[in-house]
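Here is the structure we will look at.
First chain written, first letter: the chains are A, B, C, D and E, and each begins at residue 1.
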C-alpha cells in the first residue's frame, strides 16, 4: 500500500517568503503523524499545502495519489482540514452550518450524530455562529469534520480551546477514525497529550523537518487500536 | 488591603442571553486565580466584564476600587486583557503595533525589551500583522501586555498557540509580574500547567462559579515567589 | 452544478432573511440615492425627468455594489474561504448560486426603486414589458459580473474599496444599454430610441458575463 | 486629547501609505463615478455642465463613504476594538484623529476629482478661493460626520451596508450647501447664487459635526 | 403593576379631547373660504401645517428624552423608552406631512413633488427617523442600544431647525414662515391662521394620546422581558448541573 503523503524537497512561498523551504515527508496509511516545533516554523503552512490550499512551487508533492503540482483540486473532497479558524457563517446556526458543509461535501453522514460526537448540546445547536464561544466554534468545526467522509485528516492544534472533556472525546474520535482507515497529520504544541496520541513525531523548524527525517524507514506499522 | 476584584451576584447579558448569571468572586492582591470549566461556561465573558468591556447589568461589581456599573471607563488603563484574538493592525509591522499600543497607554516601558521578553526575534518584528503565524500573533499580543503597566492581568487561554519555550517563558513572566505586585486572573483548559501556576482554582459553569465559592475565606495569602 | 448552485443560493438567501441587510439597509439606501440625485440636480427640474432612467440605473448600480460586497463579506469569516475551496462544491455552481442570490435581491430592489422614481421624478411608464425585460437582462448582467469580481476582490484584504474600482468599468456598458432601453419605455424621453437593439445588447452582455463567470470562477477560487 | 489625535491620525495615515487603498482605489473610483455620470446623463450634454458642481459633490460623497468604511475596517480586526477601548486613548482624541486622517485623504481626492471634472465637463472656474474654502469646510463636515457614524455602525456586523444608510441623510445638507457654494464659483451655473451664506452654512455644519463628534464619540465607543 | 390594558382616565380624556379638536378642525376647515387658484385644496391648511409642526414636536421630544438619558444625572431607562415611542409616532406624522403636502402640491405647483429644500429636508427627516428606528431594531444590550439611538436622535434634531429656516436659506416653492411674516397688514387671512392653530392643537393632542399608549405598551413589554430574564438566568445556571460530558 503506497504512501498517503509523499513530499520531496517541497517549497511553498507565502508572498515572497519561503514558509516551507524543502520539506521531505512520507506518511503511510493509518499513521498519526505529530508535527511540532517553534512558532512560525511552518506547521500550518505544511498542513495547508497538504490540503492543496497553498501551491507547492518546487519539489515533489503527492497526496492520496494526486500530484499537488498538477491537479490539486482533485483531492479536495478527500481531505478534512481543521484550521486555526472555524469555518462558520455568522448568521447561520451551528446546525445550519454543519448541514450546509455536509451537503456541500456530498457526505451521507448523519449530521446530528456528528454534532453529538462533537459534544454540541441542543441549546448550542440553535445559536448563530457569531455568538459562539471560542470552544464552541472549535466543536462546530469538529462536527463538520466528522460529518464529512475524509480519508486524510489535517488537524492544526485541534485541542486548543477545547475543555477537558472535549479533549478526551477528540482523542477517542481520532483513534476511532484511524481504526477505520483514516490517516491523520496533526500539528500541536501540547506535546504530552499529542505525543501520546501520535504514532510518529516530526519536528518542524525553519520551514523544513529536523533530525530523524520524515521519510519512512522501510515499512511503517499502522496503529493498532487497543 | 482590600480586594482587587469584588463581584456579588453579577449578571451580564450578551444580547438577551445571561452569559453570566449571578457570579460571586473576590480576588485579593497578588493572587493568581485560575478560571476553568466547560466550553461556553462564561469564562471569557467574566474576564471581559472585569475589564469593563461587557456591562454588568445586575449585582455588585467593583474592580481596583472602581464600580463597574458606574465608571467602568476609569479603570481601563489599569487592566491588561489578553483575549482570544490578538489586537494587531494588519498593515502595521509587529514593532509598529506594539509601539502604538504602548504610546496609547502612555506606558513608559521599553518596547524592544517587551518584544524580546515575548520572544519575538528581529525578523518577525518587521513582518506585518496580516502575515504572522498563530503563535506569533499571540506573542505580539503578549508584547503589548508587557509593554503596558497594568495592575490587573486578565489572561484568556494565554498558553494556546504558544510553543513549548513560549509557554515556560510566559509562566515565568506571570510569576515575575505577580512578585512585583500585579494580580492575575487566568482562564485556561490546560489544567496541569495552569493549576501549577495558580494560587486558587475556580470552576465556572452555566454562568456562575461552582463549589467552593469564589469568595475569600478570611485572609488570603499572596503568592511568594521562590 | 445546479444542485450546488441551489444549495449556495439557498444559504445566501437564508442569511439575508435572517440578517435583513438587503431589506432594511440596501433598499432604503437606494431610495436615498435617488433623493440625493434629485437634489444635486435641482436647479432645473426638466433634467430629472429626462435623466430619470440614467439615474435609476446608477442608483441600482451602487446598490448592486453594496449587495455584492455583502454577499462576499458573508464568505469573509476566517476559514470560510478555505472551507469553500475544500468543500468540493463545483465552482461554477458556487458562482451561479451567489449570482442568483444577488439577482433575486436586486430584482426586489428595482421594483421598489422603480416605483419611487415614477413618483418622485414624475415620469410616465408606457412600455412596462420593455422595462421588465430590461430589468431582468440588466440584473443578470450586474449579478454575474458582480459575483465574479466580488470573488476576485474578496481574496485581498482591501476588498471593500477594490471592488467598486474593478466592477464599475465592467458594468458600465450594461448601465448604458439599460438606460437607453428603459428610456424608450418612458414618455419623458427627449428623443426616440428603439428598445430592441439595446435589449439585445443587454442580453448579450448578460450571457457573456454568466458564461465567463462559469468558466473563470474555478481558477479564481484557486488564487 | 490632541496628542492622542495625532497618534491615531499618524497611525491611520501610515496604514494608508502602506496599503495604498485610498490612492490606488478610492481616487480612481471617484473619477470613474464622474465618467459614469457623464454617460448616464449623456443625451444632452448641457446638463453635465450645469450639474457639474452637484455631480462633483455626489462623487465626493460616495468616495467619502468608501474612505470612512476603510478607516473603520482598519479597526475591525478581532480584538482591536476592545484594545482601543482599553487603551486609555481619549475618545475625543480618537475621533479627531480618525476624522483628520479621512479629511486629509478626501482633500487630495477632491483636487484630483476637481481637475477631472473641469476637463470632462468643460466648466470654467472663476472663483478658486471660494472653491478652496468650500472644499475645506465641506471636507471637515464629511469627515467628522463620517467618522462619527462610522464608529456608530462599526460595532454591528452589518456595517458595510448600514453606514451609507445612516450617513447619507446627515451629510445631505453639507452636500447641498457645498453644491450651491461651488456653483457660484463656476461660470456654467445657470443662475446667480451668493457663495457667502452657503460657505457660512457649511462652516456651521462642519463645526456642529466636529463638536458633536467630540462629545458623542466616547459614549459610542462604549458599545 | 399587573395591568391588562394601556387605557386609563388620562388616555380617555386625551382621546376625547383629541377627537373633539379634530372635529372642530374639520368643521372650521370646511368653512374656510376657498382661494381662487386652489379651490377646495386650500382647506388642507387646516391639517398640513399642524401635522408638520407636530412632527417637529415629536422629534424634539425624542431629542430631549435622549439628552435626558445621556446626562448621567438624569439617566433612566424611561427616557430611552419615551424617545423610542415618540420617534415612532414622529415618523408617522412626518409621513403624513409628506403625504398631505404632496396632495396639496398637485393643485398648487402642478406636481406632487418638487426638489426644493423644504421638501427634500422633510424627506430626509423621515429617512433619519427610519434610520433611528432601524438602530433601535439592532439587538444589543439595553444600555448600548439606548446610547446608540440617543446619538442618532440628536442628529435627527439638527434637521428640524434647518428645515424650519430652509424656506429662507433656499429658494423654495414652499410657503414662507407665515408666523414670522405676521405684520399689521396681515399677509395671511386670520381665519386661515386660526385653522392652522386649531389643526396644530388637534394634532398635538392626537400625538400625546398615542404617545401615552405607546409608552405604556413599551412598559408592559419591558415587564415581560424581566420575567423572561429571570427564567433565562435559571436555565443558564441549570446548565452547570447537566454537565453530562
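Assume a residue touches a chain if its C-beta (ideal position, glycine included) is under 8 Å from a C-beta of that chain, and two chains touch if they have at least 3 such contacts.
Keep in mind that what you see is a predicted model, and the values were worked out from it rather than measured.
Here B-E and A-C were compared by C-beta pairs in contact; the pair with more is A-C.
On a Cα centroid basis, the chain most remote from subunit A in this structure is E. Using mean Cα coordinates as chain centres, the one most removed from subunit C is B. One inter-chain figure worth recording: subunit B and subunit D are separated by 39 Å, centre to centre, where each centre is the mean of the chain's CA atoms. Between subunit A and subunit D the centroid-to-centroid distance comes to 47 Å (mean Cα coordinates, whole Å). Chain centres here are Cα averages; for subunit C and subunit E they lie 35 Å apart. Averaging Cα coordinates per chain places subunit C and subunit D 25 Å apart. Counting partner chains per residue, subunit E shows two or more touched chains at residues 120, 124, 127, 131, 134, 140-141, 143-144, 239, 245. Multi-chain contact residues of subunit A, defined as those touching 2 or more other chains: 84, 90-91, 119, 165-166. Counting partner chains per residue, subunit C has residues 19, 25, 28, 32, 39, 41-42, 157 touching two or more of them. For subunit B in complex with subunit D, the residues that touch the partner chain are 48, 51, 53, 72-73, 76-77, 79-81, 83-92, 96, 100-101, 103-106, 128-129, 141, 144.
Listing the residues of subunit B that touch subunit E in their complex gives 11, 13-19, 21-22, 38, 40-41, 55, 57, 205-208, 210. Against subunit B, in their complex, subunit E makes its touches with residues 139-144, 228-229, 232-233, 236-241, 243, 245. Here subunit C touches subunit A in the complex through residues 4, 7, 11, 14-15, 18-19, 74, 77-80, 82-89, 218, 222, going by the rule given at the top.
Against subunit E, the residues of subunit C that register as touching in their complex are 24-25, 28, 32, 35, 38-39, 41-42, 45, 48, 119-120, 122.
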